[in-house]
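Per-chain residue numbering starts at 1, and chain names A, B, C and D are given in the order in which the chains are listed.
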Amino acid sequence: MKVVTGVVGNDIHVVANRLIDLSLQARGYEVFNLGVNTYLEEFFDAVIETGAEVLLISSLNGEAEGWGREVPRLKAKYKKLDDVIMMIGGNLVVGTGNAEDIIPRYKGYGFDIVCHQVDLNTGLDSLEEMLIERNLK
Amino acid sequence: MSLLQEEREIILNNEYVDTFDFAEVKEFITNASKDLFISHHFKKKAADKMLVQPRGGFPTYEKQYALYEFFVDANVDVLPLTIDSNTRLNDYGTAKKMLRLSEENDIDMLNGYPLVNHGYRTTRKMITHFNKPVSLRHGTPDARLLIETALASGIFEIEGGPITYLLPYSKNFPLDKAFLYWKYVERVCANYSDLNEPINRESFGPLTATLVPPSITIVIQLLEMLLSLEEGVKSFSVSFAQQGSMNQDIVTGAVLKKLAKHYAEEINCGDAMINLVYHQWMGAFPMNKDYAEQLINLATVIARMVSADKIITKTREEASGIPTKEANAKTVANTQYTLGILNGLPNVVDEEEEEILTLEVMAIMEAVFNDPADTLWRKVFNSIKNGIIDVPFSPHIINHNNMITIRDAKKNIRIIKRGNVPIPDRCYAYEKGQCDLTKDTTSIVNDIIHDIGIMQ
Amino acid sequence: MSLLQEEREIILNNEYVDTFDFAEVKEFITNASKDLFISHHFKKKAADKMLVQPRGGFPTYEKQYALYEFFVDANVDVLPLTIDSNTRLNDYGTAKKMLRLSEENDIDMLNGYPLVNHGYRTTRKMITHFNKPVSLRHGTPDARLLIETALASGIFEIEGGPITYLLPYSKNFPLDKAFLYWKYVERVCANYSDLNEPINRESFGPLTATLVPPSITIVIQLLEMLLSLEEGVKSFSVSFAQQGSMNQDIVTGAVLKKLAKHYAEEINCGDAMINLVYHQWMGAFPMNKDYAEQLINLATVIARMVSADKIITKTREEASGIPTKEANAKTVANTQYTLGILNGLPNVVDEEEEEILTLEVMAIMEAVFNDPADTLWRKVFNSIKNGIIDVPFSPHIINHNNMITIRDAKKNIRIIKRGNVPIPDRCYAYEKGQCDLTKDTTSIVNDIIHDIGIMQ
Amino acid sequence: MKVVTGVVGNDIHVVANRLIDLSLQARGYEVFNLGVNTYLEEFFDAVIETGAEVLLISSLNGEAEGWGREVPRLKAKYKKLDDVIMMIGGNLVVGTGNAEDIIPRYKGYGFDIVCHQVDLNTGLDSLEEMLIERNLK
């Protein structure tokens, strides 16, 4: 199972990124880590190039809100992305916000799994569940 | 005209720079007060008096001046000049705009002092007025123009280096270019060092401040020192930050000092003065300001155990943004008080840990020197590229990220996966032997999260 | 009926004491929660977790209760009960009057908790409610009634001793009587120790907190320990206070621990548990509260270097009177935080200093044992009377005041005039060798004034 | 030259007392130190008993004010005390006070030298001066 991951935008939070990488590897995924400071286009390009089944974007500085709105438009440009599981996690808003508002909004942007301030392992557990649900694992 | 001088004229011929008067600057440095040179203070200071340097930079001249007044009242030894992030990216246009907005609206629109925009003629007035050594803190891969301006202003300590100012901060800036830009800086510092007291260069040891093992920290300190000394710099400070274990800090300081001397002599630069700088905890701080003060005080105690020549301080407001000048000055006063009451320090030597760390550092250094490239900077560049040097949690694309470190029961940072770094087998076995490796990776990731947040 | 029991009935038949029900008290102690016994915590605590105990006592039950609530929130390990000064002088009448005034007017008319007046039935409710070990701090030469009341209340650690609670505080109270009164206390503690976990006795090492050399501190700690163990006490804490030199503190802790074990075994009491307690600086504090916090934090770090089992804390308000409960709780929280982040402590051994100090202590102990009197307490009494034991700056008429101490360059306390204390010649030469003795007496007096105010 | 010294009243400040003792000895005086917590009567008794030329009382806790008023009455009871140099030093009032008010007041009580919050050596220097003045040295 291939996963493309990275931190979106002008976000240099490398610690979370490295830990996601390690944790995915520990769970047996083949990881393509684009690192911090990655643009949305680069994520989609990497998914196409590697044939990954999962795209896991993280955002820690709260700027994902701005990028999120562009996801549907960008995704539409690429073919063959409909079956890819799209996941986003981290701090998804600037300042404080509650999960009840945030999750539907990000689902609207096209994400299948939305983890706002969720513990890393809990987040990766929901990924496993979805993979089983979709008979991918 | 030398090639360097040609390059200097190109660099200084910049729309954001007033005419740069080389002759006048040379004259200024030649006759500058010795008190402005930190190298002079290192030379004359009593064996036991550690110099205290806070952090701080504000956009406007007035606010920076006011900050210095506070610091002097708090009995500071070294004044900081922290540069804004636009200048760090050589974006002098934005810095200029934001400086004007800050001046007109009395709101800080920059997170530091835009030195290039202020210019050396203005800044020099402030520096010479306070007549204390100033240390330039920036984080700039291409600091050529910045450093020329700093030296012309009377700032005679320059922090940074091609590795330590790049690997922790940048994803894509080309490392090879950084080496060449810093070579220019070293040469300019070296040239000016003949005129009066030496200009001091200081490396930035904390790196990513996240579980970097002492062997990697020391190797990078030594390499930046050698790159500087071979260009003719005569006063250099190696540095590192509080790591989380008092004993590991003491061992790190001892090995760093010993090997700095050793390698400086190897390239016939034994006459250069090598100083040791200790950074108070650079990782995540507790939100509780009382706890932050405990952490700061503990760091001061450890700095003395390490026999540092200078300490760089944090403030109780570290976790909540840019500290006020009051908080900053308070830390200086508290630190000076603690240094005054901290007496009868024991002499601590941990021979086993020192031996292990020395072997590690020497093995990595040897691997770097064995790289077939023709110059030291290319050897270092190649060694980073091929993972002989690997900095945990660096965001830079060139960094391997294959080394994994965790803390042992005593909170020492230990290497449990060495990647391409040539840690000798015996040392590697020792490091792993201190840790519980029966855990699964998920537990180890949880441990790493815990180990990073150890002070919170 | 035994002589002791006869004496107990006389002591407890006091107009200020409700009927003392010996059988009920015995029953209570037999079934008391183990958590109330500090000896139980010492036994089970992790090797590295130092117990944290603040100071504090208020006149009324309500205020003392509120103080404990604060302490528990701040994660205290041991609760203090500090007794008022009227009770210390056995003036229960005045204490009663002042307690009533405090209760009626909501102003504290006493500087501590008048335990005898409150009585054990009332106090026990509070102690058992919080279910944490409580330490009794007083300063009473004749503490017989007080200690009976404390034990009946569930307070299972008793500080003090015939020497340490007398020589620093009193000019005229007869020392021989103090020995006999404390013998009673030791016996009562020993008797109750068979019922459940042992009652812990703690000596008060700081003495006058003014340039007392470690040899005198240790000798007095060892003698009070022996006087206690020979009566059957099974858990004893020796203590000392921060002295001003980290190394001297480490050496003092090491020698004190080593010799406590040695002398306990000499009298066949090797089965008793001996604990080490460290007092944060007991001398004059800085008025500046920020500086006071630095001093407190430094003391915590040194306590860990000393491997103390318990630390007794000060507050930032030390210099300005009786600290508020908030300040007190804050110190506890800060100290617990510091202990949490203080990792990787080096193992420090200074063989030369340890040898000198050991020789000094053993020479004084030998001189005490060689006194021709028939019992240990009489030997000790005679040794103080003839100056074999001499406590600098004791106000007591029996104390010789012929020993003079100053600080050396590293702020170690050194003996420059030994008086009648049998410091061996070699050690005496070593101590004097650390100091500049070419100065005239006026300069030395100025040095002493400076040495006393070292932390201000 | 004999000096009787001590701390008057319920004052347990032993440090100053010990340092005065040491300093007097260093200056060559024969010292009779009554220590802390000494009553006025004890001072006069000791002066008579030792034949001291100087009586140096110190007070640190500010309570001397109360005792000071009794000096003239007590001194009158003793014979042969007229030539004794009477000196007092320390903190001579509770709270703050200024030397201009304090010195005349204590001179009124019969003290020849009054040192309020004066450095120890400065105080002992004024004693020397008075001894020379009176041809006692």
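Operating definition for what follows: a contact is a pair of C-beta atoms (placed from the backbone, for glycine too) under 8 Å apart; a residue touches a chain by one contact, two chains touch by 3 or more.
Labels paired with UniProt names: A, D = Methylaspartate mutase subunit S; B, C = Methylaspartate mutase.
Small disclaimer: the values here were computed from a predicted structure and weren't measured.
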Contact-graph distance - origin chain A, target chain D: 3
Averaged-CA centre spacing for the pair chain B (Methylaspartate mutase) and chain A, given as whole angstrom: 35
Where chain A and chain C (Methylaspartate mutase) are represented by their mean Cα positions, the distance between them in whole Å: 61
Distance from chain C (Methylaspartate mutase) to chain B (Methylaspartate mutase) - Cα centre to Cα centre, in angstrom: 46
Multi-partner residues of chain B (Methylaspartate mutase) (each touching 2 or more other chains): none
Pairwise touch network: line, ring, star, complete, or other: line
Pairs of chains, among all present, that meet the touch criterion: A-B, B-C, C-D
Residues of chain C (Methylaspartate mutase) defined as touching chain D within the complex: 169, 171-172, 208, 210, 392-395, 397, 401, 404, 440-442, 444-446, 448-449, 452
Contact footprint of chain C (Methylaspartate mutase) on chain D as seen in their complex: 12, 14-15, 17-19, 21-23, 25-27, 35-37, 120-121
Chain C (Methylaspartate mutase) - residues contacting chain B (Methylaspartate mutase), complex: 244-250, 286, 288, 290-291, 293-295, 297-298, 301, 305, 330, 333-334, 337-338, 341-346, 348, 350, 410-412, 454-455
